[in-house]
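In the two complexes below, chain A is the common chain; its partner is chain B in one and chain C in the other.
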Partner chain A sequence: MLKNYVKLAIKVLLRRKFFTFISLFGISFTLIVLMVVSAFIDHLLKPSGPEKRSDNFLLVHMLILKSPDRRSSSQSSPGYRFLDRHVRTLQSAEKVAVFSGSQKATSFQEGRKIVSTVRLTDGVYWQILDFDFLEGAPFNSADERDGNFVAVISEAARIKFFAGDPALGRSIDFNGQSFRVVGVVDNVSHLEDSAYSEIWVPISTSRSTAYRHQMLGEFDALVLARNRDGLAKIKEEFRAVIESGVDFPDPKRYNWAMSGADTKLERIAREVVDDHNQFEARTGVLLAVVFGAMLLFMLLPAINLININVSRILERSSEIGIRKAFGASSRTLIGQFIVENVILTALGGVVGFVGSFIVLDVVGSSGLVPYAEFHVNFRIFAYGIALILFFGVLSGVYPAWKMSRLHPVEALRGRA
Partner chain B sequence: MDEMIKLDDIGKTYRTDKIETVALQNINLDVRQGEFISVMGPSGCGKSTLLNILGLLDRPTAGSVQVEGRHVGKLGDRDLARIRNEQIGFVFQSYHLIADLTVVDNVEIPLLYRKLSGAERRRRAVRALERVGLASRIHHFPTQLSGGQQQRVAIARAIVGEPRLLLADEPTGNLDSHMGEEIMAILEKLNKEQETTIVMVTHDEHKAARTERIFRVFDGQQVH
Partner chain C sequence: MFRHILKLMWNKKRLNGLIILEIAISFLVVFAVTSVGVHYGLLYLHPLGFEYENTWGIRMHSGGPWEPEDALVVKQAMRVVGELDPVEDVAGMNIAPFRNSVWSSTVHNGDRTTQAMFNRATDGLAEMIGLQVVEGRWFGPEDDGLDWVPVVIDEQLREELFGDEDPLGKDISEPEDDLEPFHPKDTERRVVGVIADFRQRGELHPLRPYAFARYELGGPNERHMNSIHIKVRPGTTAAFEEELLDTLQAVAPTWEFSVKPWSDAREQMIEGLLTPLMVMATIAAFLMLMVGLGLLGVLWQNVARRTQEIGLRRAMGAAARRIHNQITGELLIIASFGVVGGALVAVQFPIVGASQFFTWETSIWSLGVSVVLIYLLAFVCALYPSWFATRIEPADALHYE
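For the complex of A and B:
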């Protein structure tokens, strides 16, 4: 029976080529957009680069301080002092790394101006993130403690500074300081925002030690859990610290703090749905917004398909009448029509998949998101299959139901 | 002969918001197994409506329908579909073949709704086409055939499931006399050799005269 349905579905599609083209275009275009967006989200939430263990770590990336009367407040990335005293000391954490945001650095080499991004990190940073070393090794906690002027650079920086030649032991100068290259790592996607940079140097090489006394500043902390279940313990301990154990250097100015230890998703939720005033980020709201938007986006071609399908019923009423006369029940006809529609959407899906590969390849190689490599991986493929089925069923059910309700006598007379 | 289908005081009224149209009134008809009956009457007198009620494609608004002694008035869509599939075959004036399917695929349609393998369906469809003399055209499309050949395909489709009742609505109405004769011959052969019960709507007195019994309808009522 399925073979018969497939054969007929293909014939019906070929009968009205323009309708079929519009339907396929709608489905494949929507799928391309959704696949590209989901590849982007996948890349963001399930990184494959240095942050590949992101399921096991939390990020402390913001701090709000309020005055005793709560009228005055400051909000920014945490300062080194806060992270050093209140995050590095978390008992439930396996490891804690402190690092700065990436900043621009300017160099002049052989008369050329080179602009790169630099990040200040401690030695533990290299133990939590899994960088792919092309040369050498990372600097360690001793380098950080001793203020050694050593640097790890990316492949992109090696090309900028040394035209891609081996860089180990060579010097790079920027912002008036000179660093010895101890390691070269593969380029890191801009979307892995705790890892991304072109140059990494020890925090202690900062020109000033003022950062050591700052509650608010430009640092983040990565908190590695012993295992996935450990994330909740870390959160619980950090919440207790925030609520009662913060050591305020000037309690008359600020004596109330709020922060959060966030997963990647929670961090995005905090940024997008903007709730910095509570410990837990509103991921539910974010997911509802994202899925709602995706659903709406899918609804448009689905409605278009429904319309096209309903109008196709007009020309197939005689067939429906025949099938009913020869023993097809309404339920059987609904099944047939849904199968036909799933075939149409599957065809759109194939076009959409091919289109997604092309678009992701173009986006990846365009440099729009530096060093990002987008893949239609197995997970995305599964999303795609689910989307196609969703489309097929969504756009097929109503016309199929309408079709099955046709009175056989009216249908045989060609009145739909 | 056993009773195949029985109509008891059947009435059919079509109602819209403003108009009520009586299509059939007080119709009583017993169709016995193995009979070949023709239904005659002028255009619009209710012949096709009667055939649709006999074929369980339409429900009467009055009276009752019994198939082999079983009242079918309260049966649902699935049960009626199953009876149509297993016991009734239809031949329409305008053939009603699906243009996108080959001849053999068209003939297979009634078998799609039975639990049969694809090979068995194909075997039975080819055999039905052999019986109407079209075995050599199984891979043709309906539009590649003459009107008479298309009606023979329609008959093959109607008999492929070996129904006990064949309902033919003006099966020769769109054909020239030669082709019409071919179709009549096939129907007569089916009735005699397979003992298929046939109810045929026709305008043609000559063809009606070849059947065992003529049931006449005028203005929705049977003529005694």
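For the complex of A and C:
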């Protein structure tokens, strides 16, 4: 029986090719957008590169200082002094890494200008983030203490500087300084914003030591917890430090501080909602906006699908009438329409699935997000298919069911 | 005719209701995207207020907090760089254009106050980047050694702070605060000139009141100057950067320098703002294609079902053109309901002031564009089904069943 339904469904779909095409286009396009957006969010929140342990760490990335009368305030990334004294000393943390934001580095090779990004880090940085080393190894805390001019570079930098040849032990020059390459790592996606760079060097190779005295500056800190439950403990301890234990170098200028230790999601929420004035970031607002937008986006294809399905069924009222006249029950008819819808959705699913791969591949290689690798999220795909099936069945089977309850004569005349 | 069509539509209110809903949502999608596009388009039309070609910015960083003696390093750097061959002109401007960082401060004129973006500049800047002085003058050596800071404001700030008053010679600094005895008065900032609107962040950012304070290139200075800018001879390539950086590094070995042509910064800024719009527009275009195909399908199906009705009209002598108009007219009326519904929702955005993209000025444009686009979509979708309807032979229709 099922085999007959399938045969019948395929015949029907082929008979009105234009309608089938419109339905398939709607289904697969909706799926593709859903997949691409969710792959992007996944990539942002659940990194698969060096930040793969992001569930277990917090980022301290902003600091606000206010004057005694609270009229003047300064907001920026924290400085080295603040992180060194108040974050590195957190008792509840397993490990703390301090590193700079990524900066531009300029080099000249035989008159050719090379621009790359460089990041200053300490030794612990390499223990918290899991880089894939293609050559050599990271530099360590001793290198950072002694101010050794060593560098880890990415695959992309190796191609820029050495045309992709082995780089271990060779030297690279940028910003007028010369470094020995001790390691080469795989490229890192731009969206892993604590890990992303093309060159990494010890903090102590800075031209001046002024950074050591700065409360505000261009450094961030990653705080690794012993386990997931440890995150709350770290937050609590850091909050206590911010509220009462900050050591201000010039209390007449600034004597009030606000900061936060954020997970990936909290950090994004803080940026989007522009909410820097409190310790806890409000993630609820961000999630509501994202889900609201997704729902609205789904509404249009859903209505489109319903419209098409309804008119498709109306067209087939005489077919339903004939089948009724020959004794088909309502159940049989509904079974047939469900099979038809499932087949249509499955076809759309396949097209959407292949399309998602193609679009993600194009986006990945377009350089829109440098070095990002996007993956199709199967869970979201399943949700998408289920939603489409729901609307398909609702819009295709419900009118069919109503029609199947009509008297065959009425149905034959097309009175829905 | 119109009443007749309305009656036909009412007979199929449920299906038509869904189509109206679909068109209303489509209208909102088009409205959202065109609002952003129109917002940027209107901003782009306004003059930038300066020239950016062949101008390079050099950011300078001492590695620590600003010390008054650092001003001497900046002065020396400007002198040495000015002597290099391809450099035609050099000037100091604390915050480079086409970047997101801004410095804003409250300015005062009697009881009126407003928030203005500020910058510091040396005397040579106006000529180097072609600032147009519309009133008063730009800074010059006659300002040396004053106990107040000369300020040049742009037309936008003149408008907001002075209206029809003459701004020249007025002090715009914060007056002494009677309520807070410990809050001393700012250094006096006196307006010496007015320039055409200056748009520091580039063509795609909204106009903000703007002011330049003079930076005195003399001895040690309490205020900082973080970047200098050079005008290079046209055709100077990036290769010159190496010589430039070497020269600067020789002046201040412990400082860090980075060079970026203004045009590169401008392109980056524009790209950063337009990429999201492009992504949105692409998705919206595909959505509209999907909606269009859907409408075409529904309408075609509708015509096929009404063979009898249309055939009868033909048999009674209706011209093909009238049948055509009937089908197209039906869809356009349905679309009108959708457009009105969508527009009623859309005008809520500028009413509540949802975001900078939905001001009345942009919304009126984008409402217009959206209405035209949606009608165009409906019209194109109706073309084939209408033609199809005119092909129905009365004989076929009467034989129906």
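The working rule: the second predicted complex is superposed on the first by the 330 of 416 C-alpha atoms of A that agree within 3 Å, B and C clash if a C-alpha of one lies under 4 Å from a C-alpha of the other, contacts with A are read in each partner's own complex, and residues count from 1 in each chain.
Keep in mind that, in the parts below, contacts are C-beta pairs under 8 Å (C-beta built on N, C-alpha and C of every residue); 3 or more make two chains touch, one makes a residue touch a chain.
Keep in mind that this is a model prediction, so the values were computed, not measured.
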Identify the partner contact of A:326: answer first if only chain B is touched, second if only chain C is, both if each is, neither if none is. first
I'd like to know which partner A:22 touches here: chain B for first, chain C for second, both or neither. second
Of chain C and chain B, partner touching more chain A residues: C
First (chain B), second (chain C), both or neither touched by A:71: second
Taking the superposition on A as described, I'd like to know which of chain B and chain C A:176 touches: first, second, both or neither. second
In the superposed arrangement, which partner chain does A:4 touch: chain B (first), chain C (second), both, or neither? first
Which chain B residues qualify as touching chain A in the complex? 52, 55, 57-58, 77-78, 81-82, 84-86, 89-90, 92, 96, 98, 100-101, 105, 108-110, 112-114, 118, 157, 161
Residues on chain A engaged by chain B in the complex (per definition of touch): 1, 3-4, 7-8, 11-12, 15, 318-319, 321-332, 407-409, 412
For the complex, which residues does chain C have touching chain A? 15, 18-19, 21-22, 25-26, 29, 62-65, 180, 182-183, 238-239, 241-242, 245-246, 249, 253-256, 258-259, 275, 283, 286-287, 289-291, 293-294, 296-298, 300-302, 304-305, 401
Residue positions on chain A within touch of chain C in the complex are 18-19, 21-22, 25-26, 29, 33, 69, 71, 104, 106, 108, 111, 113, 175-176, 206-211, 213-214, 299-301, 303-304, 306-308, 310-312, 314-315, 368, 413-414
